[in-house]
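The same chain A turns up in both complexes below, where it pairs with chain B and then with chain C.
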Partner chain A sequence: MSSEIFLGVARGIPLTLAVTVAAFVFGAVLGLPLCAMRVSKFASLRFVALGYVVLFRSIPPLLLVFVFYFGLGSGYIPMSAFQGVVLGLGLIAAANMSEIYRGALSAIHAGQWEAATALALPVRSAYLDVIAPQLLRVSLPSTAGYAVGLLKESAIASTIGIADITFNAGYIARMTYQGLPVFAIAAFFYIMISLPIAALARATDKKLRARLAL
Partner chain B sequence: MSELLGFWIASLPQLLGGLVVSLKVTGVSLVIGIPLGLLLALGVQSKTRLVNLVSLLIVEVGRGAPALVVLQFAYFGLPSAGLTLTAFAAAVFALAWNTGAYTSEIIRAGLESVPYGEIEASSAMGMLRSDTLRFVIIPQGLRVAAPPLLGFATQILQATSLCFAIALPELTSNAYMIGTTSFRYMEILTLAGILYAAICIPATLAVGVLEQRLGKHAL
Partner chain C sequence: MMNLDPDTFKMPQARPFGQVDKPILRLEGIRKVYGAHVVLDDVNLTLRSGEVVAVIGPSGSGKSTLLRCINMLGPATSGRVVFGDLTIDEAASPTTQQLTHLRRSVGMVFQSFNLFPHMSVLRNVSLPQERVLGRSRKEANRRSLELLARVGLEDKADQYPARCSGGQQQRIAIARALALEPQIMLFDEPTSSLDPELGLEVLAVMQELARSGMTMIVVTHEMNFAETVSDRVIIMADGKIIEEGPSKQVMRDPQSDRAKRFLKAVKDR
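== the complex of A and B ==
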């Protein structure tokens, strides 16, 4: 019986991972131009980016997912539950990732910019070859921390019927009336998935930090 | 446009009723959770093994498990252990646990920011350890922790939306309910979003101001 519960909840792992990864990639990519706008020399771009970050950090993820899935999805732009949750969580992830990038940007030594200028590197090359590789390295620990947070946030997908860990746990709890062990197992899975992410981040962080000019 | 405003005005009382429930859950969770966070912060540093282990377990599970799972654990799970909670009590149970686990880290960082020289000075003056904690470390540590704690409070207000899953009539649940009867999801969910933002945006800006003010006095 208990192994059935265990396997039943485990069946949700792939969708939990899919939602997390998709929302993370969405946010990590969209966060880059957002960060560039945030530190732009044009006040209007800075203002728009700041507005985006403050707004998307002030709306509950669950509500935003509902806005897309039920709101936009009902009549305006039809979308699947998966698309709705990835869009909602992804847009919030972009706001948070842009702040992580911005923090990392300020940690990169000013001498790196000066050296790039002194070597007469084109701006594009200075960004892509000098700043960007270091940016990714510096931001890795916070990024990994945020990815773990996103993993837990992905549980929201269960509220719009995506059969992830939490959804399966809820289903089995209703079937067996054994909510206590079922949800404890669900929590166990989330913790077990987040441990390797944190460990991997620590290991790669050490390696990458050695290749950082500070 | 005026049609939309009419719909919003007609739905506003029900949404505001939901917002009051959200704020109540947030308030009670913080009132229980932040002192719990202080206890956990002290417990994690404790030299007594049992206290240390129990504190670590509470913190790690509270931070490692999604709030939505803890919430359903409390509401759908605890009854099978003979403890039936109302939706409100289950919400407070889950969010206070969440608050305690996260704020313990914030408070610990605050307590550790108190310079070691002050602790040495206290012991040189013959102060008891408990008095040092009460009069020297905690007042200064909590001041440092204040801005991130306020920031965390907005996170908890947002987390109350998860109570949709246990049918607590808070802001998101009420908005969804109006949506199902009127089929005007977009309009009503947008209004709910505006209400959340109306509280969280000023609070976020206040955190920034608070940080700057405290930064002036530090060092």
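== the complex of A and C ==
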């Protein structure tokens, strides 16, 4: 019986990972232009980006996912539950990632821009060759921390019927009346996914720090 | 202040003032203000090809700011930079093409080196050649290794900058700037963040560069370098050039009171 519970909850792992990874990638990519807008020399762009960040950081993720899936999804823009939750969490992730990037940007020495400028590097190269790699490097610890947070937030997917870890645990708990062991198993899976992310991030950070003294 | 050890540093063959070529760079009426504060007040300067000019003066006198006006890293409020056929009005927005032309012809070395920390030494020197001059990776690397050898650091090619001493980093930064085959080199207090010994190895490279005929403007606190390596010394104070002329003459027999006071202060320590 208990191995059935274990396997039953484990069947949710792929969808938990899928929601987390999709929302994270969505946010990590969209966060870059958002960060660029946030530090733009044009006040209007800065204002729009600030508005975006404030808005999406103020709405509870659960509510936002409901807005997309039950609100827009029912008639306006047809979307699957998976699309709804990735869109909701991803847009919030973009707001948070842009703030992480912005913090990392201020940690990059002004001399890096000056050297790139004095060397006549094209703007594209200054961003892609000089700034972006350092930005990703500096933001790595915060990014990993946020990814773990997103993993836990992905449990929201269960509320709109996505069979992730939490969804399966809830289902099995109701079927077996064994709430405590079932949810403990679910928690165990979340921990077992979080730990390697944190460990990998720490190891990478340490390695890069030693090599680059950044 | 440091002394150049005569065993390490042979005195350069002095190139007397005036025995240099035609003007290569002209600064006309450079003025820069921050609000009510005048940082540069109508500075005019003509640089001849092959000339080495040392710019000295108290902190806050506008030396580094002037240097940054030349390659438009920090454009002035008004004035013009004339470089060959190119005339740039500091107040107007130059085209990207003009800026690229100017900056690839005018190399710059910073006080804080500003190497790219996430790239190997070789990559630091090769990347600008590929992106700005369009050289192939192989071609750029070949040139980079030549230049690293010239500054005595070819064995550091595969290291990261963090693994190099400050003096080595600054020599790499010089190689990186030289890799774009500039016609003028600007040095912004290149040894100020180095301890005296490490400063020496950078000065040696700069001295070699000066002797090879490179046109250089060096903002510095190294009075010995100013006197013995440069052809001309400019003393700045309060955003103005208060004294200029052949190095030895200016360093040993300044005319204005302000220049006398400054030189007395730096020499009497």
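One rule holds for everything that comes next: the second predicted complex is superposed on the first by the 209 of 214 C-alpha atoms of A that agree within 3 Å, B and C clash if a C-alpha of one lies under 4 Å from a C-alpha of the other, contacts with A are read in each partner's own complex, and residues count from 1 in each chain.
The working rule: a contact is a pair of C-beta atoms (placed from the backbone, for glycine too) under 8 Å apart; a residue touches a chain by one contact, two chains touch by 3 or more.
Because the structure is a prediction, the values reported are computed rather than measured.
K.L.:
Please tell me which partner, chain B or chain C, touches more residues of chain A.
P.N.:
B
K.L.:
Just to be sure I read the superposition right, which of the two partners does A:S125 touch: chain B = first, chain C = second, or both, or neither?
P.N.:
In the superposed model, A:S125 contacts chain C only, not chain B.
K.L.:
Have a look at where A:A23 lands relative to chain B and chain C in the superposition and call it first, second, both or neither.
P.N.:
A:A23 contacts neither chain B nor chain C.
K.L.:
Looking at the overlay, does A:V67 come into contact with chain B only (first), chain C only (second), both, or neither?
P.N.:
The first partner, chain B, only.
K.L.:
Identify the partner contact of A:G111: answer first if only chain B is touched, second if only chain C is, both if each is, neither if none is.
P.N.:
The answer is second: A:G111 touches chain C but not chain B.
K.L.:
Okay, in this complex, where on chain C does chain A touch?
P.N.:
71, 73, 99-100, 103-104, 107-108, 110, 112-118, 127-128, 131-132, 160, 162, 173, 176-177, 180
K.L.:
Within their complex, state which residues of chain A touch chain B.
P.N.:
The touching residues are 54-55, 57-64, 66-67, 70-72, 74-76, 152-156, 158-159, 165-166, 169-170, 173-174, 177-184, 186-187, 190-191, 194.
K.L.:
Please output the residues of chain A touching chain C within their complex, sorted ascending.
P.N.:
109, 111-112, 114-115, 117-122, 125, 129-130, 133-134, 137, 211-214
K.L.:
Looking at the complex, which residues from chain B come into contact with chain A?
P.N.:
60-61, 64-70, 72-73, 76-81, 154, 158-162, 164-165, 172, 175-176, 179, 183, 185-186, 189-190, 192-193, 196-197, 200-201, 204-205
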